[in-house]
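In structure tokens below, several structures.
Two complexes, one shared chain (chain A), two partners (chain B, chain C).
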Partner chain A sequence: MTVRPIVAIDRVSVAYGDLVVVHEVSLDIAAGETVGLVGESGSGKTSLGKAITMLKDTIDGTIAFEGEDVRALVASDRLAFRRRVQMIFQDPVSSLSPRLKIRSLLAEPIEVHGLPFEATWRQIEALMADVGLSAQHLDKYPHELSGGQARRVALLRSLVLAPRFIVCDEPTAGLDVSVQGDLLNLLCDLQITRGLTYLIISHNLNVIRRVTDTVAVMYLGQIVEVGETATLFARPAHPYTASLIAAIPTIDPDRRRSPIVLAGEIPSPRKPPTGCRFHPRCPSAQARCRTEAPARRDAGPGRSVACHFPVA
Partner chain B sequence: MTAALVEVRDLGVAFATERGDVHALRHVSLDLARGAIVGLVGESGSGKSTLALALPMLLPANARVTGGEIRFDGVSFAAMGERGFKELRGRRIAMVFQDPMTSLNPVISIASHLGDVIARRHPDLGRRERKRRAIAMLDRVGIPDAERRLGGFAHEFSGGMRQRIMIAMALLAEPDLLIADEPTTALDVTIERQILVLLRDLRREFAGTILFISHSLGTVAELCDEVIVLYAGTVAETGASAALFARAGHPYMQALIRCETEVPGTDRRLRSIPGDVPDLIDPPGGCAFAPRCPVAVAACRSAVPLLRPLAGGTHAACHVAR
Partner chain C sequence: MNIRRPASSVFAQVWARGAGRVGLVLVLLIVAMALFAPWIAPYAPNKINVANRFADPSGAFFMGTDHLGRDLFSRVLFGAQIAIVVAFAVISISLISGTLLGIAAAYAPARVERFFLIVFDVIASFPSLVLALAMVAILGPSLANVIAIVAITFIPHFGRVARAQVLALRNAPFLEASRAIGVSGPRLVFVHIIPNISGPLIVLASMDVPVVITIEAGLSFLGVGVRPPLASWGTLLYDGYSYLTQSFWPVLFAGLVLSLATLGFTLFGEALRDAIDPKLRRIP
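Coming up: the complex of A and B.
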């Protein structure tokens, strides 16, 4: 028996004007799971994250949250949907209003959602220690916090609404390696204690490899491979996934195989290549790849690949 | 053996702030060998960028040198004078920053940027020869269709292409020292890989020294010959790249390597370094890392450790490491 996914994305497309940045993407996210979404800048990762959280309209396809269409959920009770599905943006310092103290920033969601103030504020105070903040941070402004502390404030603002699902956009971008672990451990603890499901968007494959259960790889608006994290990193099937993994700089000389250096850069979605969108940069492209777009096919348990000639 | 291109001895730099003096660099001694690619690693607040600005004497107005000496090609900064610094900045040192848009003028064409650099280095060259050299260099750093794109402006190029243009400008200056401050940090891993391959290829043609500043241990390990590790404004450890990453002796460097590489077990706990970087307004009396160090002894809190050779082939400023 398969468990119904908490988020079911079915052939979703997202566009800015006539620029289609997410093209017919499908992905299921199981409850309690951490899914990583990786790909180069311009692959459509953040746009897909915004579509799931209904911060950006889709032009095609459906997204279901706990079995219900997100459009219908938002239409019937927008705030109720926002409480269940949250997004934490990268660069938390600039996503927090610079003119409000942390105390006001934490009170804001209580007011917006019309929650009982006293009781909710007591919850916030109880949660502060859990996320590694203390009362002395309440009277500071965002710019007075470190990057890690600002992220904890953004996280706390989400948690007070008791969400079920959080999209984390680049949660460790700009954080020093020595404190990244603390923040990721915190996300992991909260997942267990509060029954959360995460979609973590990141171009940092070192982070994705270590904290996610499943990885989805995006290229130019499409998901080209999905797989269980350890398997996907050990045996990538799509040549794009393989080249992403091989490109990670490593301090371990034994793991430093001669990397596949991808030629060129991700093209504009305004004029995507014919056939497989990756073919102009693909080291194993053949004639068929130029004309026929590969469908994503099952390739083992939890694994699917959109490639005519997978490498594993 | 010829002396190193850059010799830094006991350098101290402080910034005046409202709260008091921030001691960004303290007793820093290091050498940049001629022709080497030297990696400078450290986290936020370690003093990487302060050092990058101190070498061409581009420190901001609220900074002052509190002690020590820098020698460039054998000449002490104390004896150099403003004219000497101009020569240093204009001709002998070139810099590439994390965000190329801060270094490229948005209303000046790429052709003018490159042409200016060539004209300064070779005032005798004619317009046609300058253009020919600019195209050849753009081609060399991997800008496709270089001749046509020469007339373009910075905003018409991707982040990776802008960084290639910055590298082209730096190389056309034919500097003795190229300082690259986090040049690949803002780039995708695929583009970072292309830039690393380019830098490694170029070193055969470029005779100068490269100081490559990065917080990414993997990037430094792959590119650099020598590595200098900064912590809280002091040099924690130095050594040949291979030795340092295989047999780091300083507890800080060991912890940093584990943070970056350790794959968590079933409990999924990732490693971090407990505690915070010390406040550099009032730095700790002994070793700067002692308050966070798992193996610190009494001496670490009272006496500043000096760099000394370790069995693993590196030099570490640590009372405990052997």
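Coming up: the complex of A and C.
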């Protein structure tokens, strides 16, 4: 990819106190692209998403949005940055302020950003129809909505600011399958009509495979593999990616893979293993993996792997 | 997070409990006495009529008269005014400033937070009445001083609960989502934080009302509360107590009204607590 990335993450680390949950992660996201970020719980996906949206401070590295450091963007005009970069949160109902009616929640971004109220509210009403909300929802409280409806309200609150880039944290978590499908279609439609770029954080690999162009795989605070979605799913190079993909449930007997069972649990980021962080659980670990951390190397167009002995 | 309930249903729940109903009636009665004292009172509360001192209750003087022949019933009504004014002024001041200080403490850097907590602890380590007594003795008794001083002694109460509530709420996803939208500063505090911590604070406020009424009466009884001839229930008790051998009616009626007021506000507060959030039973 030769186009300048809309988001450029360069060796970023994020910590909670002395607990480093994201360790020197680099990732480029091209404009108009949908990038998936996958990995187990606790691998640092959400923390990375919050770092990009400046909801969580980084302890090291830089994040650039459209070529400018996000810190500088927030420092010079916080609201302008918020209008360009948005985030949709994991738990739809509890990410809406519980004492406010939907009407106030939807009006809030207009008031905070001082947008022209009448015109913007009409825009919201039009969008509501698009996302499948009706006027009767306006006088409800968040806890009176279903997960899917709450997620749409959260999405509307972001969309009204006309962002360029949205981080979607587990956009399908807690929704039933038909609603998941609706929501993903909605996100895809919006991407086309509004020229959006997405970072989709999920551990649902079926979702990631369906909607993303590029996938980044995180393990214990590091990105171990990045690749174009179809090739990465077809030929995973990192043993961890291979085990993740082998674990996808499938109902097609011809495509059934033998699962790769990993030993043990994800280690604590407080005391990460030496060398390659994955070596204690890696089926193809060798002596070198215990001592030397592999750098992420290019492995074909748009592809990079952090492994001494890639499987493909 | 407590599920939002419309106010009418909170009152319906207070009314549904026997104790809550008694409390509510007593509270309304005391408030009505205070509000309508000038119209209900048969005599001016400070009108001295020495010829009529120590009169027993009668058709002309419902509760009899005191050592200066002043109508006790009228003085009890105006005493309700003092009690209600002091209680509501004190609770409003300490509720508002305690809440804001508590929120500030929760969001302040660790050092500042510790400083807030130490100040709260120092104030709270004295019994309210003793602290108020000492401070009024220094600053001089007056209605405004009593209100200000008692309010200060109650700030830690609200400050600590507000801080604890904010700590519990601070990582709530909706606060982060609000920040992501661009919400910050006062709007975050007043629109998103305060409505979600208000339940326990309102309960606490209602439970503190009878305590403040008792403290005000106590200070006035000890002669460091409101200045005579203003009729505080504490003053009435003191005057009655001084002349107990001549007539026991003033002590009896002033004490009875004070007890009923305290009882009423306590029952009401407890019913309100149970209606808003039964989990709060642990808070004293």
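Convention: the second predicted complex is superposed on the first by the 311 of 312 C-alpha atoms of A that agree within 3 Å, B and C clash if a C-alpha of one lies under 4 Å from a C-alpha of the other, contacts with A are read in each partner's own complex, and residues count from 1 in each chain.
The criterion applied here is as follows: a contact is a pair of C-beta atoms (placed from the backbone, for glycine too) under 8 Å apart; a residue touches a chain by one contact, two chains touch by 3 or more.
Just so it is clear, the model here is predicted, and its values are computed rather than measured.
Colleague: Both complexes share chain A, so when I overlay them there, do chain B and chain C fit or clash?
Modeller: fit
Colleague: State whether A:D176 touches chain B only (first), chain C only (second), both chains, or neither.
Modeller: In the superposition, A:D176 touches chain B alone.
Colleague: Looking at the overlay, does A:Q90 come into contact with chain B only (first), chain C only (second), both, or neither?
Modeller: Touch partner of A:Q90: chain C, not chain B.
Colleague: In the superposed arrangement, which partner chain does A:L161 touch: chain B (first), chain C (second), both, or neither?
Modeller: second
Colleague: Given the touch rule stated above, what does A:A119 touch, chain B (first), chain C (second), both, or neither?
Modeller: A:A119 sits against neither chain B nor chain C.
Colleague: For A:L184, decide between first (touching chain B), second (touching chain C), both and neither.
Modeller: The first partner, chain B, only.
Colleague: Per the contact definition in the header, classify A:L205: touching chain B only (first), chain C only (second), both, or neither.
Modeller: In the superposed model, A:L205 contacts chain B only, not chain C.
Colleague: Looking at the overlay, does A:A287 come into contact with chain B only (first), chain C only (second), both, or neither?
Modeller: Neither partner.
Colleague: Can you report the vertex angle at chain A, computed from the C-alpha centres of the three chains with chain B and chain C as the arms, to the nearest 10 degrees?
Modeller: One gets 80 degrees for this angle.
Colleague: Note down the smallest distance between any C-alpha of chain B and any C-alpha of chain C in the overlay, whole angstrom.
Modeller: Least C-alpha distance after superposition: 15 Å.
Colleague: Mind pulling up the chain B residues that touch chain A in the complex?
Modeller: 43-44, 144, 158-161, 188-194, 196-197, 215-219, 221-222, 242, 245-246, 255-257, 259-261, 263-264, 268-273
Colleague: If we count contacts the way the header does, which residues on chain C are in touch with chain A in the complex?
Modeller: It comes out as residues 1, 3-4, 172-174, 176-184, 187, 191-192, 195-196.
Colleague: Which of the residues in chain A end up touching chain B in this complex?
Modeller: These residues of chain A touch chain B: 40-41, 176-182, 184-185, 188, 203, 205-206, 209-211, 243-244, 247-253, 256, 259, 261-262, 264-266.
Colleague: In the complex, go through chain A and note every residue touching chain C.
Modeller: 50, 53, 55, 78-79, 82-83, 86-87, 89-91, 94-100, 108-109, 112-113, 141, 143, 154, 157-158, 161
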